[in-house]
Amino acid sequence: MRIARVRGTVVSTYKEPSLQGVKFLVLQYMDEAGQPMADHEVAADMVGAGVDEWVLVSRGSQARHVRDCGDRPVDAAVIAIIDTVTIENRSVYRK
Amino acid sequence: MRIARVRGTVVSTYKEPSLQGVKFLVLQYMDEAGQPMADHEVAADMVGAGVDEWVLVSRGSQARHVRDCGDRPVDAAVIAIIDTVTIENRSVYRK
Amino acid sequence: MRIARVRGTVVSTYKEPSLQGVKFLVLQYMDEAGQPMADHEVAADMVGAGVDEWVLVSRGSQARHVRDCGDRPVDAAVIAIIDTVTIENRSVYRK
Amino acid sequence: MRIARVRGTVVSTYKEPSLQGVKFLVLQYMDEAGQPMADHEVAADMVGAGVDEWVLVSRGSQARHVRDCGDRPVDAAVIAIIDTVTIENRSVYRK
Amino acid sequence: MRIARVRGTVVSTYKEPSLQGVKFLVLQYMDEAGQPMADHEVAADMVGAGVDEWVLVSRGSQARHVRDCGDRPVDAAVIAIIDTVTIENRSVYRK
């Protein structure tokens, strides 16, 4: 999984029928020092994450095991809202 | 998923039989500021996207859940035409 | 999928039994301007592509949907020989 | 698989229900000379690895074959605690 | 697939039970000119490759089609020992 921060949203009217009702979040990956990285991801949100929250993102076909993602062509999903990230006993992030 | 802009097309006569009728789009990935990135992708188009439109691309085996992609050797598919991308309440793209 | 040019071949006598009869091509990825990129791939060839031809490569588990690849440990396959690549009405490649 | 060193943990209260009880480790990838690399990963820990230990990480849908990971949306798992890494008869790491 | 050279081994006592008996090789990826690249991989060896031999590596869930890898959490496997690599009629490697 990767650590990411929620930055915004993508809205689409015309899409695969199975994607009706799926919320798409724009995520920015964070490095382990808590700094934003250059690359980003758009992920299906099933846990109700909000802008600026840190989340865990799961990618690839395993994303299908998120509730209701099974038969959808979704290759990334937010699977958890992060409370804390601790690196060698140092707190990098606290919600 | 990744955000990309439709740039062009790839045409092939001699191909896997299961790919008959599949339209291949050349996509350029966009960063979250709306700037084009260096890498690109060729994806199966099942939603009728046109040149210059922004789309969502799903990659890997989950692309098989796009209508009619099930048994085809397609590792990337356009799954939605984007209406808007919003980053921290700022509009990055509007169709 | 990615656009690549066929550069050469890999020959192996001692291999997984299921790979008997599979031809391995060395491919060089091309950028959308038609310039060669640094990274390369070795892919199973099921369409009979020859050196210098441009092809479409599908990677990951979807490569299994290429004829006869189903139960083989192949993570990349040539799925089409490209006739033309067109970027914003400009021809980048013509066979 | 990739070689990584355990750096810390991620804690989450609000997550996919199937993730209850899964421990998330922050891992830093190591190069073959034993030096830390820039990229990191968050992986499910099923083998009880501790901070500073070197581990093997398996990514993608194969991670599901780790005990109890089958139906969870986990795209990376610690599959082994490393005893030794030997490169051309030179010991790079010894636990 | 990728071309790699066998550099060494990883030994682990404490690991997923399904990994008993699997030999892990440290591989260094090679570019098409036969020069070593920066990134490496740890792969399950099912073909008996030795140090300094060039091999083909298959990654992702397709690695499961290697004999005896089916239910193991292995995301990379050595599938062939390379005899020759030929690029545009020039021999890059000969065993």
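Residue numbering begins at 1 within each chain, and the chains themselves are lettered A, B, C, D and E in the order written.
Following the convention adopted for this analysis, a residue touches a chain if its C-beta (ideal position, glycine included) is under 8 Å from a C-beta of that chain, and two chains touch if they have at least 3 such contacts.
This one's a predicted model, so the numbers in the text were calculated from it and none came from an experiment.
Enquirer: When every step has to jump to a touching chain, what is the lowest number of steps that links chain C to chain E?
Expert: The fewest steps needed to get from chain C to chain E is 1.
Enquirer: Where the CA atoms of chain D average out and where those of chain E average out, how many Å apart are those spots?
Expert: Distance between chain centres: 20 Å.
Enquirer: How many angstrom lie between the CA centroids of chain A and chain E, rounded to a whole number?
Expert: 32
Enquirer: So which bits of chain E are touching at least two other chains?
Expert: Expected reply: 60-61, 63-64.
Enquirer: Circling the ring from chain A via chain D, which chains come up in turn?
Expert: Putting chain A first and chain D second, the full ring order comes out as A, D, E, C, B.
Enquirer: Quick check: in the complex, which residue numbers of chain B touch chain A?
Expert: Touching chain A from chain B are residues 1-3, 31-32, 46-47, 56, 58-67, 69, 77, 79-90, 92.
Enquirer: Report the residues of chain D in contact with chain A in the complex, numbered from low to high.
Expert: The touching residues are 7-19, 24, 26, 28, 38, 40-43, 51, 59-61, 63-64, 71-76.
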